[in-house]
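Every chain is named by a letter (A, B, C and D) in the order it is written, and numbering of its residues begins at 1.
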Amino acid sequence: MLSSEEEEQLKQACIQAKSNSYSPYSKFRVGASFLFSNGEIVKGANVENASYPAGICAERSAIAIAVNQGLLATESIKAVGVTSDTDNVVSPCGICRQTIREFANLDTPIYMWTSSGAVTVRTLEELLPLSFGPDNLA
Amino acid sequence: MLSSEEEEQLKQACIQAKSNSYSPYSKFRVGASFLFSNGEIVKGANVENASYPAGICAERSAIAIAVNQGLLATESIKAVGVTSDTDNVVSPCGICRQTIREFANLDTPIYMWTSSGAVTVRTLEELLPLSFGPDNLA
Amino acid sequence: MLSSEEEEQLKQACIQAKSNSYSPYSKFRVGASFLFSNGEIVKGANVENASYPAGICAERSAIAIAVNQGLLATESIKAVGVTSDTDNVVSPCGICRQTIREFANLDTPIYMWTSSGAVTVRTLEELLPLSFGPDNLA
Amino acid sequence: MLSSEEEEQLKQACIQAKSNSYSPYSKFRVGASFLFSNGEIVKGANVENASYPAGICAERSAIAIAVNQGLLATESIKAVGVTSDTDNVVSPCGICRQTIREFANLDTPIYMWTSSGAVTVRTLEELLPLSFGPDNLA
């Protein structure tokens, strides 16, 4: 698990990420963040499209950023965070759980913060049990 | 839960569905089937694309078919089935779990058959706990 | 090109398709139809999702239906139609053009009807010139 | 149009982007780059997934990166570049054209380089004529 300092950094990255959200259709801003084994944090917001299925969720934006920084080639994912502007728990959607599955270990903790700061934590395996992954295609 | 006759029908529909799979890129045929409250069964296979992200999974094909038959406007989903050509458990990917989530109750059973016929059953909630759904946008 | 009777059938199929649209998020109903070489018409509507990128456009629904009827294994696509509830020309989005590209010849006509019935026709190649397709991966 | 220096920078960014490609399934590396009005260049590679439809194309990775740097809120897209490892012209797929459409002007030039360096240039409108965009939902 994370130190309280790491957890706070992950949370603040999520909150900051939201400010870059492009969500004119849903008006639903989401911010995500990934903490890597070397201490780096990468954050992302959702990027919508007039053709809704062409949109990119916050968690997938962050993964794209991390891959393109070369981070995922050398570092492992230590924790994932996500938040929105609502006071309900907003969890990664199924597409995002699948995307995280490609790159993270099953025991990676995923922190979900409500807008008032309450946290819910689940491992990736808890959010996507019995998952379909790279091994299925090998 | 399903009667053994219903379960067998759902399984056979999955197996038949695979014969329509268009999967020249992955060579990974998947068949899915949905049993509705009126006894109807709808089945679908995966439809791939040279631009991989434009592909449509088997479960999503079947949902599209059911919506377009008007079934989802009047009937409820009683059970979901999925199978492939491998002898491992192949579960719905995250996108498909999310798609099923839009239309099915959380306690809907999802049957996963290996190619040799062994079955694993989980409810939708077990496969997509703490899900993001329509309520989150209300 | 189509006979006026075929064109009318394709148009009516699009209009009927819309009635099955599941679009609670955009409130934007789209209906699509495909005419096959054997005279069969397949139609589809858009199927949205609370996680917007998991949605399926009308044209992609129709393609999924056709593949799963085994039509695309034996028949060719003679024409495509699309309509919505607005009086502007609504064309297939880029994802849909890419999906049609996988299965149709480049000279396939695509008919786009406004809600008042005005038609615009373009070939697939005109809508997706210099396309990325199966040949690129061969 | 671009100066020859800008064009060379855009091309080199595409080539460098490819080195971060995560494409174990297609083995098809793609690199994309965007030049912004302030001179900044953002680059991205494709990020695939065992569930193929969950993958993210190179152009969409780059757009996600640019949005998340706040670039698209203040700067405009001056040009787009894309390249792969093959000696054919590889153009943006339909999903990517749709994604670029959301953020770029229709006269934005898109440069496509083969692996041996031959360039083909088209405007966004030439690659996605009669496009579906934000105006259609207004």
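Basically, a residue touches a chain if its C-beta (ideal position, glycine included) is under 8 Å from a C-beta of that chain, and two chains touch if they have at least 3 such contacts.
Note that the coordinates shown come from a computational prediction; the quantities given were computed from them, not determined experimentally.
Peer 1: Computing the C-alpha centre of each chain, which chain sits at the greatest distance from subunit D?
Peer 2: With centres defined by C-alpha atoms, farthest from subunit D sits B.
Peer 1: Express in whole angstrom the distance between the two chain centres, defined as the mean CA positions of subunit C and subunit D.
Peer 2: Subunit C and subunit D have C-alpha centres separated by 26 Å.
Peer 1: Distance between subunit A and subunit C based on Cα centroids, please, to the nearest Å.
Peer 2: 34
Peer 1: Two-or-more-chain contact residues of subunit B, please, as numbers and ranges.
Peer 2: Residues 25-26, 48, 50-51, 54, 56, 93-95, 98-99, 101, 132, 136-137.
Peer 1: If you connect every pair of chains that touch, what shape comes out? Choose line, ring, star, complete or other.
Peer 2: Shape = complete; every chain linked to every other.
Peer 1: For the complex, give me every residue of subunit D touching subunit B.
Peer 2: 25-26, 48, 50-57, 93-95
Peer 1: Please give the residue numbers of subunit D that touch subunit A in the complex, ascending.
Peer 2: Listed in rising order, the residues are 17, 19-20, 22, 24-25, 43-45, 47, 49-51, 54, 56, 60-65, 67-70, 72-73, 95, 98-99, 101-102, 132-134, 136-137.
Peer 1: Tell me, which parts of subunit A touch subunit B in their complex?
Peer 2: 26, 28, 86, 88-99, 101, 112, 120, 122, 126-132, 136-137
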